[in-house]
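These notes open a run of structures that come right after.
Each of the two complexes below includes subunit A, the first together with subunit B, the second together with subunit C.
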Partner chain A sequence: MSSETSAPVRRGRAASVRRWVRRRGWTAGVWLLLLALIGWYTTLIPEFGEFEITSIAKNSLPSVYLALAQGVVVISGGVDLGAGGLMVLSNSTAAALMEGQPPEVTVLIALAVVAGAALLNGFVGWVIAVSRIPDIVVTLATLFIFTGVALMVLPSPGGGTSGQLRYAFTGSTTGIGTNFGPSLIAIAVPTLLFAAWLTRTRTGLSIYAIGSDDHAAYLSGVRVVRAKVTAYATGGGFAGLAGVALTAIANSGDPRFDNAVNGTLNSLAAVVLGGILLGGGVGSVVGAAGAGIIFFTLSPILTAMGIDPNTAQVVRGGVIVAVMVVAGLLQLRRWRTQ
Partner chain B sequence: MVIRRSFQVGTGAMVLALVLAGCGGGDDSGDGDGAETFTIAVSNTLVGNQWREQMVCAINAQARVSGVVDDVVLANRDTDASGQISDLEGLISQGVDAIIVNPADRTALDDVIAAADEQGILVISVDQAVTAEAAYNVTNDQVAYAELGARWLFEQLGGSGDVLYMRGFDGHPADADRDEGFQQALADYPDITIANEVFTGWDPSTGAQQALDILSTTQVDGIWTSGIDYTVVEQFEAAGHPYVPIVGADNNGFIQQLIELEGEGLVGAIVTNPPPVGGVATAIATDLLTGAAEHPQDTLLTPEVFNNVDDLPALENLYLPELAQGESATIEIAPWTTYTQQDVLDCKGPGE
Partner chain C sequence: MTETETSVRDDRAGARPAEAGWAGYLSERPLLVLGAVLALLVVVTVAIEPGYLSVRGVRNTLLLAAPVGILAAAQTVLMLTRGIDISVAMVATLAGYVVGSQAGTGLAYSIVVGLLVGALIGAVNGVGVGVFRVHPLIMTLAMSAILLGLLSQWAPTIFRGVTAVPPFLRTVGGGSFAGHLIPYNALVWAAVAVVVILGLRRSGLGRMIYAVGDNPTAARLAGVREWQVLLVVYAISGLLAAVAGVLIAGQVGSVDLRLAEEFLLPSVAAAVIGGTSLFGGVGSYSGTIFGALILGVLNTMLTFLNATQAMKQVVFGVIVLGLAWAYAAAQRRTG
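On to the complex of A and B.
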């Protein structure tokens, strides 16, 4: 900053704004970009109303949850290639067990599936932390294992769930409608609670700490293995929730490997666009959640624009590269000014 | 200064991303120019499959020659039932007049199709039927498809032998229907056993690999394929396995093999499963939209079987040298389609 006559108060305020921008700027930018995209989408279609809001909100739920799942693991300094597989396994298990069951039972199954996914992935995290086998290897294996087990649970697409569970995620017992409240709540509440837990509790901060520098964290008294296991377990829980949401949206399960791979890759893309540093320790899951919605929203927008569907993938990749370039530029600027 | 600059960079980032996301797009004003023109949308969930590509081309071609369609919107990506639901919702939001859907699931689309119907959007399911009441179904009879081919194969084997059963896409409604037909035929031939059952996912290279693996290690007497055929035939030589009777679809490459390798002992039959079913659906859609003609809710196209033992001239008649191997040789379907073969090969929609 140039000198002149800036009073201490003003300087303090400027510093705090600067800090806010540094900390939250990227997250805010992601959500603004999402708003801009949706605003643009409204100009592409004849009418934008409750039906469209509901559609975007509910259909992006799996992407959002998977972005949260991947986000926490990446923040802890790892990567979870198995996240998509766990989503598919949860989706298949939930759909297979819930078919024909009364509403209360389906809710219990949903909770059990989420808890089971958390336990399973917590175990994966423990294996990684204790064995020191690179996470990319272990979770690549779990991607195959989870999808394989999903095929055993549900050999081909099918199953179902209760209308009430569908209502909880989609705002309608038929899974389609104009009631966007439940879907928006299903996006906002888990995301904000999770973000608050990560940034305001001792356990959450320990996940950031081991992602930033696990040796330093260890020397400061952080229990590294425990933090790692917690990161994978909570991530697994969200992958499980993504699977349950898929079941609610489609009223069926789908065990195919393609869905798992797409899930994992999209979650990684969301984490990158969401501003979480791939090295760990930096970023917000709120940004990743917004990025998850952005990647979902691109698809109806591109269709509405009449773009060749094969180009859509190129655009997706282009956005990721552009984001990385911009992130690099920002970082460079920060170094220069400090 | 610093703050302003980082805001500038941030804004630049956003503009850049928006420009990237928007590349190639123009403002699409949709319909509204002519008095009676319509927009037809296509929802497909299997990309890179030649049968599906040809289905889309037949839709484009028929839409073009109909003269009443001003735009064909494609929602085309690899996804599952939940992804197709969101695609269909996007198409409803766009306010298209008709949606031709190749369903990923027989029942999962019921509610979204009902929602489309409420908006006055005509929905036609092609390739296989959906359970939604409002939907029109234009389908090849998949049960008969499998049964006819399987019966020919089992007869050819003299009623006994080990058959390699190469299915399609696990969980896909058409695959389920074909399995039903196959099992019906199998029930009448107690001495036929299934040597191996695999899912090709209707992917030519997957099917080829599976055939190579199995033919290299196992003796089979006959092969039934769910339309992944010409790449399987190519594996006999590689696997050092003698030719055995094989059933496939009306793929151009397979027909060519049946004609050219007939002298070397390849025996096989094609069962027609024409992708121009998309063109039939388009013709029905335009009829219904303009009120030109009524159509029944369900249109079922019956498959035909041609083999290279009795019907070689018929196969030679079907074969089209200018088509790719994986493309179906059946292009026009009377009395519905009015395009020419060239229209489908061009694959151009209205205004392209």
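On to the complex of A and C.
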């Protein structure tokens, strides 16, 4: 084959490979790392079967959705510290409303919660775009407000949902089982659809455009305010979905402030490892979703190795710093060579 | 007090009918507005609870505001350089543990070690942000995660049995003097305030902090070594966090993993309320002091009103948002 291919074609192929690596290399690397980690995990525990796959898949759902939520906002050039708060608010609202309701009603409530979260965060995005207050300040305020409202809706952990809704996210009406299909679908379908929407539609690309350079985007005819609102609204929708998933997994709601803060911090960590540049315009939400699962799997792996699972926190922090340092050095080298 | 209140009303009435003069005058003097807001809050609090201005009320407000004010000093200095420090709460907690564990070897020694550990961790943040150009939010967030992980492991091992705090620190952190009117930790806060305000205004480092935050490129071309400034500033932030941590530990009387958690967001909020811009180069610590006091009075007032924690959170959030919006509007007006 090599003897038949002419030099220009070969060069063209090499260039396209290089381009693929540059554009999707990081995302592919994240998912390969996840596969390697899970592969390693299978050697660490005596038995790795459907139960373990189900457990990892369903329990990483909230992290995945929250990574998608944070991802789209960071791509648009912002940062959403309130994402965890919105997840907790959705979790509490869903659990409070769904308890004792028939399956059809719980599904309707789930849809309403996701839509409500999207509307609410869209309004937050509008406030940011119109007032020009830094994203950090506005979403810091919404973190307070959302968790406060969550405590009013559900003063202490409790509530419930229907078995059917639990099945949709966990593959079992009791939340425990070996049916990993629904959880894997719940990870893959929203992630891939969302990524396709972001990179292939006019609206999605406008979110990348304002994150890259909102002034240039404005001059090229992108409606900056609308793109910002769309980014925060879709992010809010996924934060709401994370809350609903949490309700389905735990069969209850938990309004505690810690959950909100941890959710936000983990989502930021996932976005950074996932290859989305803080500052906007670069990266894929698919990578962020993979990174979200990676951070989730660290705890069971360390436990299986007989290491204090609290080390997972240390590893998580160390990985984030290492990624940022490497990314910074690469950027520096690229500038120097250009 | 009532005079202040009426003057506030007059200001607003004057500003309404498109009188750019009043609005412009006030937007150039944010401290005046902040003072008025604080006075108004005090008046409202007295109206709700007439005994507030007596001994206990003021003392409680200061007792709560002092650690927030010291942590907010760290945030203010960092925000001036376009930075932020999410790790202050964990650094403060760590300092509390270190002081508690070293208490047997002498009080002064334990405090010095605690503060040094804080400064050292701050310096590590500074290396990440200044030398390796890691985004401040990410760097300090990661540091926070690392410290939480380490402390969770160390609490039952290295720091086992460290729960109590030496009596002297309990006095400094929670005691008061002058007829129980002024808590000792407010004295520490006052000392920190003098150093930070004078340092920012008068010292070369202070000017470099404003220069780096206002325009990093210009500062670099003028010969400022940005990474050195950032390294020092983050070390100072760690040191201040450790001071606050020691005071909080003294006030609570014991140390645990959640020691300083609830102070993180108010520390950022106080700086934002005080008019320090996250975009760098704009703001002062005097504004932040008002911010911390406003949050303190507000907290006391809401407690008098029997507001739940949930209600407080919502009110805090709305106030941070409202004031930030007002600042953004004022800045656009003045250009």
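Odds and ends about this structure:
By our rule, the second predicted complex is superposed on the first by the 321 of 338 C-alpha atoms of A that agree within 3 Å, B and C clash if a C-alpha of one lies under 4 Å from a C-alpha of the other, contacts with A are read in each partner's own complex, and residues count from 1 in each chain.
Just so it is clear, a residue touches a chain if its C-beta (ideal position, glycine included) is under 8 Å from a C-beta of that chain, and two chains touch if they have at least 3 such contacts.
Treat the numbers as computed from the prediction; the structure is a model and nothing was measured.
In the superposed model, A:F51 makes contact with subunit B only, not with subunit C.
When both complexes are overlaid on chain A, the residue A:A312 reaches subunit B and subunit C alike. After overlaying the two complexes on the shared chain, residue contacts for A:G158 are found with subunit B alone; subunit C is out of touch. Contacts of A:L329 after superposition: both subunit B and subunit C are touched.
Once the two complexes are overlaid on the shared chain, A:T303 sits against subunit B while remaining clear of subunit C. In the superposition on chain A, A:I176 makes contact with subunit B only, while subunit C stays out of contact range.
For subunit A, the partner with contacts to more residues, out of subunit B and subunit C, is B.
In the superposed model, A:L37 makes contact with subunit B only, not with subunit C. According to the touch criterion, the shared surface of subunit A, contacted by subunit B in one complex and subunit C in the other, consists of residues 155, 258, 308, 310-312, 315, 318, 329.
Those residues of subunit C that touch subunit A in the complex are listed here as 84, 128, 132-135, 137-139, 141-146, 148-150, 152-153, 261, 265, 268-269, 272, 278-279, 308-314, 316-318, 320-321, 324-325, 327-329, 332. Residues 79, 127, 131-134, 136-138, 140-145, 147-152, 155, 257-258, 265, 268-269, 272, 278-279, 308, 310-318, 320-321, 324-325, 328-329, 332 of subunit A are the ones that touch subunit C when the two sit in their complex.
Every residue of subunit B that touches subunit A in the complex is listed here, in rising order: 1-3, 5-7, 9-10, 12-14, 16-18, 20-26, 28, 30, 47, 71, 73-82, 85-87, 89-95, 104-105, 107-108, 111-112, 114-115, 170-171. Listed in rising order, the residues of subunit A touching subunit B in the complex are 1-2, 14, 17-18, 21, 25, 29, 32-33, 36-37, 40, 44-48, 51-52, 55, 59, 62, 155-158, 174-177, 246, 249-252, 254, 256, 258-259, 262, 296, 298-312, 315, 318-319, 322-323, 326, 329-330, 333, 337.
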